[in-house]
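In the two assemblies presented below, chain A is common to both, partnered first by chain B and then by chain C.
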Partner chain A sequence: MKEMRTIPIGKLLRADNRQFVAGCRVKELETPALGALVKVILQDKSEVYGLITRISINDDGLVRQLASGVSIPPEYTADNRQNRNLPVEIEVLTVGFAREGHLFHQLPPRPPLSLDLLYLCDDDELVRFSKHGKNQAYLRHILRLTDMPVEEVLISHLSQARRAHEATGNHSWYREACERLIILLRDDYTRLSTILDALSAME
Partner chain B sequence: MPINYAHIQNTLDHYAELTRKKLDEATESFSRANAQLEIAAQHQEAVLNAIEHAEAEPGNLYTAKPSHEALLSSFPLPDYPKDYTLIAADGSQINPSRHRALQFCLINVGLIHVEHGSGEAPSQQVFSKLLDHDELYTNDGRLIGEDEVALHRDLFERQFLMEALPASIQKPTITLTDGPLEVFSGAPFSGDRRQRILDQKITIEKRMKNLGVINAGYIDKPGAEMVNRMLDIYHQNRDSANTKYDSKKRANKGVSDLALFQKRLAPGERSSVFYAINKSEEKPEGNDVGFFLLNVSDELENPWLARVEFPAWMANDTAKINILHAILYRDAQVLNPTPYPYVLHRAHELAIVMMAEHDEVEEMLISRLNRDNIPLGTMSHKQSLKFLPKR
Partner chain C sequence: MTDLTPNSQEPVNPDIGFVSGGGLEANLQVRLTVPAQEVQSGAFVVMDSGYWRFYGLVTDLQLGAVDLQYANQLNINRFNPELANLLNQQTLFTNLSVMSALMLERGPEPGTDEHTAWLEKRNYQMPKLMPSKTIPNHHTKVRLADIGDIQDIFGKESKTVFRIGETREQGHPVCLDLEKFVQRSSGIFGATGSGKSFLARMILAGLVHADTASTLIFDMHNEYGIDSTDPQKGTSVPGLKGKFSSKVKLVALGRNTTLKGKNPDFTLEIAYSDITPEDILLLSQALNLTDTTSATLDALYSDFGKNWFRTFMEMKTGAGSTFTNDDGKQEAREDSVAFWAKAANINEIAATTLHSKLRRLYNRDYLVNETGTDVLKSLIDHLENKQHVVLSFGKYESDLDYLLVTNLITRKIRDAWEKATDRFHSKVQNASEPQPLVIVVEEAHKLLNPEMASQTIFSIIARELRKYYVTLLIIDQRPSQIYDEVMSQLGTRISASLGDEDDINAVLSGQASRAALRGMLAKLQPSEEVLMTGWSVKMPIVIRSRRYDQTFWSDLFGVSETKEEKLTLDQLNREMGFFE
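Moving on to the complex of A and B:
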């Protein structure tokens, strides 16, 4: 069995079936990126998959005070990033789940629980998840986003997935994903053209 | 019951009138003290003699004493060293209360250790200590009060600072606490216990001195009138030499050192060094602390003074005084526009004990005693009633 190369990046703060929020420390922030595939392993060993849709960094009174100061020694910048208890919040859109070895591009029956560990999926898992079912059904979840820049999340995710698939010799995955988006947005021309414009900028 | 605002409203005019009167008196006192300071600066040797004469008299004395530096000289901001160590400690406490079911005292000390020039995040630690039962009561069996707890807290701060120091130091090293450097003011310990604490204090001070560590206390917005009292001693002595200083005849009360120096120090400048004379019958040797006033502001129109205390042995060591001056200004400027040393704020942040934590520690102790069937006291009725849900 292939060793899982997932990286724990945070712990869950709150969740529902459609999305969840994890907290991590600033020094753990080097690995996760917008659009990255992440997962939470539940107690029954099922896994809930999601895409990072927002990363926000909180402040407090001291950080605001420091921001208005003239100069901050690098040691104090490091102090605030590493020592002080100011979690980075990672918002995740749920896009599927796995149970007993089977993948589903549907919302999970129940959300993960607070303090469950959030893992960043490696390229192998990204390829396995995104090619499942051959029609990228999970993309419909991204299109449901209302208060996020859908185009940016899509570009980030598709570029990461495209690179991972092409590294395995699969050069058709990205084209198929674009075709899937066209089908999903066939009744919303304005949005479709915005997304296609954004994707063409990626070329 | 809420405040009776009508009663306060009726006294507002009177209050404003008294405030105006006090302000006028303070302005006059300041003018006189300021003029006295100018005169004293011309006769520094005589000021020194007057203070030493007062020092030799029995009784309490809390005053400034001139050093080798000219009284009214000011010193510009020196360069700070490229690499230096800054360690700060601050403590908070749970005071024992006879109204609670269990009498206990907890001291919590936060410590932050910064290696400036390394680019690395500081290390931070929290030390929590429950006072032993024999430390919880005075020699005559009374539960210790806030002064005694503060003494324990201050000693723990210094103890942990000392323990955070390496065996030998390779670069300028400052240990910093908030408040006066002298821990022994006010606490009414006596006998063996007093001697034990005194020995502990001396051991810490000796170790720091031997290592060459700059041990400093930082007093933000100092309210003390040490320089003002020095002026008063000089003027009483000048008028009738060889008579005992009478603090009851003090003129110009209410003029703080801050008021006397805030217009005299530009941003980043420090005053001359003074000795802080703090002697009493219990502590006849009161000459172990030096200080200067430092304008930590960066705006000419808005000076902000702190009193910086250090061991008296450092008073003639200009290199160490310059390092302390430069580093404290730099650290305070990090929190501009309300300059205050960053490390002290962080140590405080680490140390602070919240009410919920107070209750949790008490719960931990009670649970442990219950396990051994050790009988507990009961909460006073007064305290129980305070815990009733509020309207």
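Moving on to the complex of A and C:
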């Protein structure tokens, strides 16, 4: 797991305080997943944490040509995937940052810079980040998503976090996180019901 | 320095909720944080806000939801059980309506400089309970009253602070200040079968034991003086005479009357000369008297004075009341009703009819020409000497007997007390302050209904408050039939369950927050719970009443006597060197 943390899975393409987008090679696509906790280490050694909300593979002119062909030799497909002109884009929702060893579930003062390296957090770091502070405050950032089904990101992230916590013997974290979500969304019946439907289906 | 903060210890009860809204008139709204079943209507709650402690009564519980959609469907059917449970906990709730009744300024934390400054500002005057004039802040924590809070409000049990029951939630003792209780006329109410009679027995036992006043109990159904039997359980029910043999005098109506085979302390007879025309008018309904009765009675009294009744009843009617005169005509004899009526210019038929109806009274054994001894005076003497009298009616259980005897005796007693009070206030030599007296009247609606109230001495006593040291304790199952003006004069009202809406309204008439109390009164558990409100009760409260059983008597005689006896023994032992 420690080896995974030291291997970057992408490089920053663009960013603002609320979110950032990293590009990665297809080979590196094996490890990140929707809802996974990732981080960017900035030049001042501070770290910006986020959750993967979208992974996009965009087309380019060559792919369009190949796709319109009758048959594509396997080596052409492999080559196009391995040696894409356009990187696979990983969109990340910012959910917190760390500075001088202190964690914060707030938006960072500054966004990361282009070509900053993106790392996937291992289970230890996922547990540490998600149990920090009170009431899983970082979950509120997920609820800000507007162009992505929130419940899908939540299911993915919560299931990963739940597994990581239960591996350490903590069986109450998931319950507390669900309770926090209910408190945050109880004034929005429709949205909360949709999320709870999805969470119920997950189990 | 004397601790001037409330006597209550540190709160021992956990919070049950917090203030979320409402107001002084509309009642406070409290969001419950414990299951609804842990709190009942009528629960006594306490709220500390700033320097103030508020004491309130739960008057209602309402279910609510953040969004009605959460309440209108079963979440368990849609989501997995754990999520559904979490959702219910966060979106469904119960609110309490709390009537804030009293408040007390507690001041800053004792021992601090702020507390000292606060005391100095108050000139070291102890803060007093007052009716709520303000409200606690938002989110003030609410808890059930603990034993210290109950004692702050209702007092600690002693000889004159009588334990009448306990709180329903936690069984803390609730007391009635008997010294205050007897300062105003009071009422004990309850429907038939509600436990009213046992409640009355218990309170009367407390009054006799406490000696805060003498009591004269008109025992219409022979329930209070002698031992009787519980009609439902068949168990023996102790009477006051058996338990307080030296303090209580048992009087029976009519010579040679016995009560369940036992002789009373003395029997009561009433002389004809004690009966006034007003006493007869009181019996208009019972005797079916006509409108002409008043004029006839006035004429009789005018002609014969206090002997009017005997003289009138000795007049003849019917065949023996006439004779044939020299002209061969039938003429009324001089000792006939007709003769007198003609002379007094009274309608003969009216007089004859009245004579006929009064015969029901004339034939009563307890009405005599002259009493051998002045039993009434003896009765008054006992009461003046701080004793208690139970007048059992024996076989004379009709409304007619009850109305006549209670009104007549009470009139005489009140007259005696009025004279004693006047002597006392005039500072006549050797005149002592009159002994407070409570006259206990059952079936009060027969004496105090709107038609009769103005004629009876009882309504006068009720209106006089305690001008002549005489108050009433009325025991009744139909308070709605008691004259409004009399009900409004009642200080303390202790009510068991009542089914009739009018009766409930009558008990609560003139009470603050009666709308809130109505629901509580309507839901009292028969034979178990009572609502206390009024003069001697600082705030209304629903309690589980004490049982009138052997434990009651053990506790009653044990509270003041056993403890004192133990102290004396301890002291004696120390003096004799048996303790180190």
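We adopt the following convention: the second predicted complex is superposed on the first by the 195 of 203 C-alpha atoms of A that agree within 3 Å, B and C clash if a C-alpha of one lies under 4 Å from a C-alpha of the other, contacts with A are read in each partner's own complex, and residues count from 1 in each chain.
Here is the rule we use: a residue touches a chain if its C-beta (ideal position, glycine included) is under 8 Å from a C-beta of that chain, and two chains touch if they have at least 3 such contacts.
Keep in mind the model is a prediction, meaning the values are calculated, not measured.
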Exercise. Here chain A is shared; do chain B and chain C fit on it together or clash?
Worked result: fit
For this session: Considering only touches as defined above, state whether A:69 meets chain B (first), chain C (second), both or neither.
Result: first
Problem set entry | Contacts of A:132 with chain B and chain C, given as first, second, both or neither | neither
For this session: Figure out whether A:200 sits in contact with chain B (first) or chain C (second), or with both, or with neither.
Result: second
For this session: Tell me which partner A:14 touches in the superposition: chain B (first), chain C (second), both or neither.
Result: neither
For this session: Between the centres of chain B and chain C, viewed from chain A's Cα centre, what angle do you get? Round it to the nearest 10 degrees, please.
Result: 160
For this session: In the overlay, answer first, second, both or neither for which of chain B and chain C A:183 touches.
Result: second
Exercise. Regarding the shared-chain residue A:175, is it in contact with chain B (first), chain C (second), both, or neither?
Worked result: second
Exercise. Looking at the overlay, what does A:82 touch: chain B (first), chain C (second), both, or neither?
Worked result: first
Problem set entry | Superposed arrangement (fit on chain A Cα atoms) - minimum chain B/chain C Cα distance in Å | 47
Exercise. Inside the complex, what are the residues of chain C that reach chain A?
Worked result: 66-67, 69-70, 78-80, 82-83, 86-87, 89-91
Exercise. Of all residues in chain B, which touch chain A in the complex?
Worked result: 112, 114-116, 118-122, 124, 298, 330, 333-338, 342, 345-346, 349
For this session: Name, in rising order, each residue of chain A that touches chain B in their complex.
Result: 62, 65-66, 68-76, 78-79, 81-83
For this session: Please give the residue numbers of chain A that touch chain C in the complex, ascending.
Result: 175, 178-179, 182-183, 186-187, 189, 192-193, 196-197, 199-200, 203
